Amino acid sequence: MNDRIREILSWYVSENPGIRTNLARMLNHGRLGGTGKMVILPVDQGFEHGPARSFAPNPAGYDPRYFFELAIEAGCNAYAAPLGLLEAGISDYCGEIPLILKCNNHDLLHEDRDPLSAVTSGVEDALRLGCVAVGLTIYPGSAQSTTMYEELRELTAEAKAVGLAVVVWSYPRGSGLTKEGETAIDVVAYGAQIAAQLGADVIKVKLPSEHVELKEAQKVYEKYQIPIATLADRVRHVVQSAFDGRRIVIFSGGTTVTDEQFFSDARAIRDGGGFGSIIGRNSFQRRKPEALKFLDTVMGIYEGSIQ
Amino acid sequence: MNDRIREILSWYVSENPGIRTNLARMLNHGRLGGTGKMVILPVDQGFEHGPARSFAPNPAGYDPRYFFELAIEAGCNAYAAPLGLLEAGISDYCGEIPLILKCNNHDLLHEDRDPLSAVTSGVEDALRLGCVAVGLTIYPGSAQSTTMYEELRELTAEAKAVGLAVVVWSYPRGSGLTKEGETAIDVVAYGAQIAAQLGADVIKVKLPSEHVELKEAQKVYEKYQIPIATLADRVRHVVQSAFDGRRIVIFSGGTTVTDEQFFSDARAIRDGGGFGSIIGRNSFQRRKPEALKFLDTVMGIYEGSIQ
Amino acid sequence: MNDRIREILSWYVSENPGIRTNLARMLNHGRLGGTGKMVILPVDQGFEHGPARSFAPNPAGYDPRYFFELAIEAGCNAYAAPLGLLEAGISDYCGEIPLILKCNNHDLLHEDRDPLSAVTSGVEDALRLGCVAVGLTIYPGSAQSTTMYEELRELTAEAKAVGLAVVVWSYPRGSGLTKEGETAIDVVAYGAQIAAQLGADVIKVKLPSEHVELKEAQKVYEKYQIPIATLADRVRHVVQSAFDGRRIVIFSGGTTVTDEQFFSDARAIRDGGGFGSIIGRNSFQRRKPEALKFLDTVMGIYEGSIQ
Amino acid sequence: MNDRIREILSWYVSENPGIRTNLARMLNHGRLGGTGKMVILPVDQGFEHGPARSFAPNPAGYDPRYFFELAIEAGCNAYAAPLGLLEAGISDYCGEIPLILKCNNHDLLHEDRDPLSAVTSGVEDALRLGCVAVGLTIYPGSAQSTTMYEELRELTAEAKAVGLAVVVWSYPRGSGLTKEGETAIDVVAYGAQIAAQLGADVIKVKLPSEHVELKEAQKVYEKYQIPIATLADRVRHVVQSAFDGRRIVIFSGGTTVTDEQFFSDARAIRDGGGFGSIIGRNSFQRRKPEALKFLDTVMGIYEGSIQ
Amino acid sequence: MNDRIREILSWYVSENPGIRTNLARMLNHGRLGGTGKMVILPVDQGFEHGPARSFAPNPAGYDPRYFFELAIEAGCNAYAAPLGLLEAGISDYCGEIPLILKCNNHDLLHEDRDPLSAVTSGVEDALRLGCVAVGLTIYPGSAQSTTMYEELRELTAEAKAVGLAVVVWSYPRGSGLTKEGETAIDVVAYGAQIAAQLGADVIKVKLPSEHVELKEAQKVYEKYQIPIATLADRVRHVVQSAFDGRRIVIFSGGTTVTDEQFFSDARAIRDGGGFGSIIGRNSFQRRKPEALKFLDTVMGIYEGSIQ
């Protein structure tokens, strides 16, 4: 194990050796293994957005085995998915890639201003399937956030006791926030802080915009002149907000951007001290050769071989 | 065991041998045993719609033993019913037909825009009664869907640990959907996907219409020209949406159609790669000789002896 | 289901439907399905006598899958084995033959005058593997019999609650008996009675000799002139001793006899009202073609096609 | 152990020795150890107000280790923080300062008129981290107060059984009160009484104003001429309201005052028989040398070396 | 916390912060606090040898409070005793000295060649009483050692989960050893190794003699010329045998020696890298002034102020 990975693991010294072992499995796996950077393939869109919206662009994705193949061939650090998708595909790929069981899910058939994800699997499933971590989404800003924080706390206590790492998708959303506020720099940083306080080992947030949502926060950002002009600045501030960089923070990008914009974002994540990307639709919604090429470029940016 | 059944079981290799044994028991039982197709008799209408609406058309159905006789004589693959109905009838028919315990139920005495079924039995009951599977209804689109998903998750975890298969009735419904949307092709496919993600071994959905409910989905169906013009097309898309056909998906038909229409639907299910039908009122609400004849035709269509 | 099986099941009407379903699965399976007779393949000799003594005569038996194939091809009613043997072989044969999990085992590496088998698996294993029954050996006559009776009682309570049938190997042995007494007619009948009293659904005993072991019993056998002259007489008496024939009693034969003697014994079991045989070494220690032919003859005798 | 500490512990003689041991650990630690006064560093603002508002004034606070250093160097009696902050920092400071695990938290991303904090950690975490106490905030006056009282009751029962002391932040707030009423003397005293009744070992309240909120209370305060004119009077009344001074009551000050005002308040707390201060933002939002100097003055006031 | 204590705690970094906190509490307490050396007062002789043999030499010891006073006044690092003794004395001394709950005990009323201590208290007692550690005696060499190892394993798992340190008295004894062998250097070192392997945080052994008990060990000691000539050599070898000095090993001396001999032994423990002494009868069987003087000398030797 190299010094960078040792350094990252040193931040988790209060966790038991099982958790640190599982973090090491992710950090040392795949093409970025040993760099301290991670690219993770997440596939929960079938549940979250429905099958056609998710898989019609690349119908290979209707088959649960496809994502294992994609993540393995691309050299991702881990693959994250809900229970059914992991169960239906794992059998042929045991031991080939670290797995994260996404333990709650939300669908679009009933839209809520204040969403609450359903807990759809748990720690016993994760152990039975050989996962390295469990993951949960929280929606800070939702009127239901207390419920989600408490579900996360329960899952975290149970997972950590058996040495599983905990990945938190912290996506501010709900009646407490404007639409623009969901990705505001102060709100994304706050979401990262909440996830860290709740015990997350790995924190996933959205890329923050320059907007500042909360009035009280606005005063502070101005008074202390916190740099948020560039994306790299904002990434740096979000990472700082997760225990001064002592927790792994990775970023998601959504689908609305061009490849060039995505690569530019990845450079900003890298330059701002982010730990990598979680890339779903941008990878599995194109055919495999294009997906592999796309991921190859992203990983090249993270490892520094591509500027 | 023939190759087709082996192939179907191979999709479930992550499940324990008990679950695969129970799936094999259904797939190999009755007239369609070994074909990979299934016709299941479900009788939960007494609870769901009240006794007179359910049984007056054929008063033999007031007696719980009647449904065992009907399912056995017709050569169905399985019989599914709530706790009371199974308990009151099973004693004379132990071991004669695979049983599915329907573990939640909903009645009409209190109508809800956003229905929530009551959990009325569980895994211990299913084992005690010698069942091969437990079944649960979920209503994606209901404001109560989170509760139902979480109830399903608990039942699934408990059932699978003891080798029982899990059958999910995924019936989108509730304030998130229009009435027409409940059987829209995108919504039915989405409901099948959700059931698969939640770990269902066998998925029961309604026959989908050509309507597309969700705007975001509409764009995708058009852009990728997903074929949904014929019922067989739509069945194929729903089956694809359940892990690319690697989960057993069966269809229900309701009561509003003529026999000829029903047979035509069965042909579409067969031609679209569906795995069969779950036939309640159409079978038990006519006198036994007519019911047996009706089911004989449906099974003939599935086994291919009738075109 | 035919009248004979219904009659047999009627003796078990106090058991829950799950148990009766699992008894029906055995009684209706294989070549003797529906006759009320059973031939079961048991393979615990690897544990009990060591691998070479057990499998060298027919090395195919070193592979756990072999016994599944043999039992399925021969049309046995069930296959009984310890945990490891079932686990290592089941995956390719789910649903093809009823399984009995043999839950205790004894090895010869430490010989005891008063043997006590180790409990090596349990009800959760049986459910997970899709078994129809659990089995346990007791040694009435051993100084350790109290422990074994109590272990049986615990297993029985747990198994029956979840619908598993209970098979008891009742093999009198230990410091309370002479060697000859282990198969004495009074002792074998006593062993069958104890198993029935302990709640066994299926009782396995050794073929009884004409010897009467216990002095007090001797007086009674003489006073009432209980017929024990022929093997059929003695089988009839043992079956009578298991609740007047209202429990399934099957017989084992050991290895020391010629095939002709074995067939003759089978005729006596049949003529005395016994329910069949459990045939281990006589089947799996010869090559498969010979084993199939041997079992074909035994089954022919039980079904009456061979006199 | 000196007489004053023995006297304080004597009020807790109904608690088990583990709780008294942990109270003694706080009372005997740091610069005020043995005086019966306490200054505690609490840091839950990262969760409660967001990271920038909390830590931008002194960016050292982004690093969880900073608060351990600050509390240790200042000679505080204890450091209180949520799960994540303790976990991420504790490893280098095991055994150096008594820790209080703050077990519920509330964020500002979704503002509620009737707030409910999420339970974010518990007794097992506190033991695993070597804490001396758990802490919980209640909001008397909130429509959700019943939920919080019951959560406190559960945590208290569990914590006391394992010898952990219980610290309650009693902050009246919600639709039952005016803004001014949150710090009204009658309301603060009432909040202290509720905390004591719920079994709190240490009670934290806000400094009370001269305002009396409740009409029925107003009559009594006037009739009996309860002295509330000076802050020392009001502190005395609040302490009296917590079992006549037989529970440790400490006060928080907020951030809106000058240092001189803060010191004056501390004198009033001391002179009114209060047990000390819990000082968060006033300490960690200034650079360490200033913070240490500020805390040095406060502690000097409490120990009497500064008048 | 000074560097030596930090170094010692660094050996325990796989333990949770609670355990390290409790180790720090012992290491930093009393006159030897911060030196890395410990003197512990153990009083289980009342149970082990009977009251008169234990307390008649200094009748003050009949009162459970006496041992708290002695340990506190002498400045011991900790006091270890069985449940009753702690419960009956603790109330007046909460928080004044770290406590070790001795969780198993053995009496002399039934002497066994192969002794087995009774488990007489547990983790819940230790928490309720505010202890920093639980302790257990094992007798390697006893025919009952398997039972004791398994009891220790259970206690260890339970204690460590709640942050309690584990102290093991490893006293080889029983039919597997000669009387002389109980303190043979190879056997004492072996006992230390076993305790370390079983997860002990602090290991207590007897002072080893020059005798080598086991023949196979004898060959190795000779071949590799392991230095065991002086007591300091032997202490060094025992400490090495407990994970190369990365576990705290302390020594007991018994009563058969003169004070001068005891001081000489303490110097050897110090010079050989031992971590201190556990001193029972030598301290509490003389009157308090003499005991304090005796312990003062021993502590002086450990801190280096006395050569």
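By written order: A, B, C, D and E. Residues from 1 in each chain.
In the analysis below, a contact is a pair of C-beta atoms (placed from the backbone, for glycine too) under 8 Å apart; a residue touches a chain by one contact, two chains touch by 3 or more.
Bear in mind the structure is a predicted one, so any value in this text is a computation, not a measurement.
Any chain touching chain A that also touches chain D appears here: E.
Least-squares overlay of CA atoms from chain A onto chain B yields a rotation of 75° to the nearest 5. Of all residue numbers used where chain D meets chain E, over half belong to both copies. The two sides are thus made of the same residues. The most distant chain from chain A, with centres taken as the mean of CA atoms, is C. Centre-to-centre spacing of chain B and chain D amounts to 58 Å, using the average Cα coordinate of each chain.
If each chain is reduced to the centroid of its CA atoms, chain B and chain E end up 67 Å from each other. Those residues of chain E in touch with two or more other chains are numbered 13, 16-17. If each chain is drawn as a node and touching chains are joined, the picture fits none of the line, ring, star or complete shapes.
Chain pairs that touch, as defined above: A-B, A-D, A-E, B-C, D-E. Considering their complex, residues 1, 9, 13, 16-25, 27-28, 90-91, 93-96, 124, 127-131, 161-163 of chain E touch chain D. By the touch criterion stated above, chain E contacts chain A in their complex at residues 13-14, 16-17. Listed in rising order, the residues of chain D touching chain A in the complex are 46-47, 49-53, 56-57, 59, 62-64, 82-85, 87-88, 90-91, 105, 107-112, 116-122, 124-125, 129.
Here chain B touches chain A in the complex through residues 11, 13-15, 114, 140-143, 145-147, 149-150, 153, 157, 172, 174-177, 186-187, 189-194, 196-200, 214, 216-217, 220-221, 223-224, 226, 237, 240-241, 243-244, 246-247, going by the rule given at the top.
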